[in-house]
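For reference, the structures are reproduced in the following blocks.
Each of the next two complexes has chain A plus one more chain, namely chain B in the first and chain C in the second.
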Partner chain A sequence: MIQTIQQYLQFPFVRYALVVGTLIALCSSLLGVTLVLKRFSFIGDGLSHVAFGAMAIAGVLNVTNDMLFVMPVTVLCAILLLRTGKNARVKGDAAIAMISVGALAIGYLLLNLFSTSSNLSGDVCSTLFGSTSILTLTKAEVWLCAALSVIVVALFVLFYNKIFAVTFDEDFSRAVGTRVESYNLLIAVVIAVIIVLAMNLVGSLLISALIIFPALSAMRLFRSFRSVTVCSAALSVVCALLGMLISIVGGTPVGSTIVAVDIAVYFLCAALEYFKR
Partner chain B sequence: MALITCRDLALGYESHAILEHLNFSVNAGDYLCVVGENGSGKSTLMRTMLGLQKPLGGSIAFGDGMRPNEVGYLPQQSAIQKDFPATVREIVLSGCQAHVGRRAFYNQSEKALALENLSRLGMVEHQRRCYRELSGGQQQRVLLARALCATKKLLLLDEPVAGLDPKVTAEMYALIERLNREGLTVVMISHDIAAAAHYATHILHVGGDRTFFGTVDEYRRSAPGRRFIALEGGGDA
Partner chain C sequence: MKRAFLILLCLTLLSAGAAAESPSPIDIDLASLSGTVVYAQVYDMVMEPELYEGLVVRMRGGLSYFQDPDTKQEYFAAIIADATACCSQGIEFVWAGEHTYPDDYPPLGTEITVTGIFGTYEENGLTYLQLTDAEMTLGGE
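Let's turn to the complex of A and B:
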């Protein structure tokens, strides 16, 4: 098996896929802890559907580099969702559901009406559940992904203490003069960026799994915010690497294999927590 | 000059006023208890004083070298916090977030301040423990230590003894009284009229037909005070 892996590693596209996959897994897990604790898990889900819709529109419009179109649209929706969610929680919830299902439906409709592709359901399926596109990345895309990952990690480290404070107690932070709205905005924008990046890896339906599972697993094992964050990042990277290797060797779909590994690790962590007591 | 002066304050949500014509002031060293029935606007008043929502009318003025962001706030616990994975130390340090400004990390003096406030409340040996594993009283001490990191002058406490058992409640009241004697001004929302009349120097009674503001003795003699004390069975305090 190791030989097979070594053999595959000789291909540059496999190496690119592993690098990009690892970076995406790292980024998505960092903010996962905050999203789970803030009860924002569904924002990730909603935004990923938006990204699907945007991808469909980009396809119809024949935009050459669809990331340039999908990214701004998703970021915009992240900001909009946050704005509506601020004033009334219930309305914000409904807004997420509305935008996410709406984008999904319109996206599929547009693809059906205007698609130039001969294999429509195959296209849709690969956008939703991840595709081989992770294996067809160009060098430029790898660099773009790496640069964005570095920015995400740097932002997270720089604002780590503020993100913790805002996650734990928004009202207290606001009372002592922290600009809570700006940090929430930052979190939403970063999440939107991560989701668009992660679409290549696991597809838009499975992104939430990449964001929340490592955080939930880490929260089972650790008791401080810092160790939960570090552990979540480590678990996410390990799971993504393992998932990708399994999928290469076994010929399984990349996205769902990674998520399956994430789920397995979650139950492993839950069991560990149970026996530690 | 008073630390906080509220003139003709009106507050509520979206032009629906809960409280109007509120006039009171808090001087350095005061221990003001805000009492009133549920839904009378006590928490709304505190949120307005903290700048979390805008007053519908009137003004809140900070004086005596006090700036609006220099308050120590002890909020009621939210559901999110009950199972939050964070250590005591991490939470208390976050009380220093206003001092940090543009810096990314806490410096030595902020870490020392957090430690000092933890030991002030007798929680220093718990600093590495997880917040969600603490008892209710210990959690309140942690949040109080965080509030102390944010202020040197004024504590705003929103029902600090809610959900605590009688023994821990008494300890909490003693702790707040000690902090008040050490020079901190305290504004506390309370249901517990007996404790309010016992510990506070001033009472603000909101809601009902008439608001009252004055010293505890004046409150005992006032109409709303007599009625409320009789109602709550706190006359023996």
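Let's turn to the complex of A and C:
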């Protein structure tokens, strides 16, 4: 087994996949705790569908670097979704559902009508489930993912106290002078960046799992925000690495294997919590 | 808190440093790789064929055949199914020696193992991949 893994590590694209996968898992888990606590677990799903729709439009328009199109569109939708106030005519969950299915349907429709690709089903499969996208990254994409991941982690560390305050009590934060709207905007932008990055790893349908499972697993074992965040980050990185290695050695789809490992770890944490009582 | 995140970040970036380019293997044995890695390896060969020119490649897949209706040129390929069964990859091959289709070939879809020299050729302005001077055996022999 070790020899097989060593053999696969000789391939540059396998090493790139492990590095990028680890970074994406780290980033997604950091914001995962905030999203779960703010009851926004499903926003990752909605935004990933938006990213799918944007990617379809970019493909139809023959945009050379589709990330330049997908990223702004996803960021814009993230801002719109997170800023939906109590007075909005379409409430939060309904707005997410509407944008989610709308973008998915329009994206698939556009791909079918205008795509010039010779392998449409392969493109759709890769985008929705990740398939082997993480193993087909170019060197430029690896560096872009690494740079964006560093920015995401740096922003989280720099604004940790504010994100903590906004996560638990927006009203109190506002009362003590914290610019809640600005930090919600920051969270929205960071989430959108993570979603676009994570599409390469697990595909747009499975991104939510990468965001919420490590956070939920960590919540089974720890109680404080800091402990949960650190544990969530560690679990996410370990699950992503383990999932990718199983997938590479066993020939299983990368995204769903990582999510399966996340699910297994969640139940393991739940069992540990049960026996600790 | 910050220290814990910095340690995690450093560990992941250190592994990025290890991802430096390594020399390409002399022979590429696609038949011994998992379905997931085969797809990625063939994708890499499609994207950067110049890195693989002249290397001996072995692959295993289902026999596929196509004849151009205009030029009557025959093309043979081994199609390698991927893990998700949606992104199959194939490489064309030219069997060494004199062989006629369908008499000398197994039925379409039969699993074959092909070993040949990797190269590319241009046709109608497009670049195609090809294994030349190839040996073909049935199944995983």
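Criterion: the second predicted complex is superposed on the first by the 271 of 277 C-alpha atoms of A that agree within 3 Å, B and C clash if a C-alpha of one lies under 4 Å from a C-alpha of the other, contacts with A are read in each partner's own complex, and residues count from 1 in each chain.
In this section, contacts are C-beta pairs under 8 Å (C-beta built on N, C-alpha and C of every residue); 3 or more make two chains touch, one makes a residue touch a chain.
All values reported here derive from a predicted model rather than from experimental measurement.
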Could you tell me if A:264 is touching chain B, chain C, both of them or neither one (first, second, both, neither)? neither
Using the touch definition from the top, say if A:37 reaches chain B (first), chain C (second), both or neither. first
Please work out whether A:185 is in contact with chain B alone, chain C alone, both, or neither, and reply first, second, both or neither. neither
Taking the superposition on A as described, I'd like to know which of chain B and chain C A:238 touches: first, second, both or neither. neither
Let me test your reading of the model: by the given contact rule, A:18 touches which partner, first (chain B), second (chain C), both or neither? second
Counting only touches as set out at the top, which of chain B and chain C does A:97 meet: first, second, both, neither? neither
Taking the superposition on A as described, I'd like to know which of chain B and chain C A:226 touches: first, second, both or neither. both
What is the contact status of A:168 with respect to chain B (first) and chain C (second): first, second, both, or neither? first
Where does A:159 make contact in the superposed view: on chain B (first), on chain C (second), on both, or on neither? first
Looking at chain A, does chain C or chain B touch more of its residues? C
Between chain B and chain C, which residues of chain A are contacted by each of them? 157, 160, 226
Spell out the part of chain A that touches chain C in their complex, as residue ranges. 8, 10-19, 22-23, 26, 30, 119, 121-122, 125-126, 129, 131-132, 135-136, 138, 142, 146, 149-150, 153, 156-157, 160, 226, 229-230, 233-234, 237, 247-254
Going by the contact rule set out above, which residues of chain A touch chain B in the complex? 37-39, 157-162, 164-165, 168-169, 171-178, 219, 222-226, 228
Parts of chain B lying in touch with chain A, wherever the complex brings them together: 47, 50-52, 68-69, 71, 73, 75, 78, 80-81, 84-87, 90-91, 93-95, 97-98, 100, 104-106, 128-130, 132-133, 146-147, 150, 156
Touching residues on chain C, where the partner in the complex is chain A: 1-2, 4-6, 8-9, 12-13, 15-16, 18-19, 21-22, 25, 33-37, 39-41, 43-44, 47, 82-84, 86-88
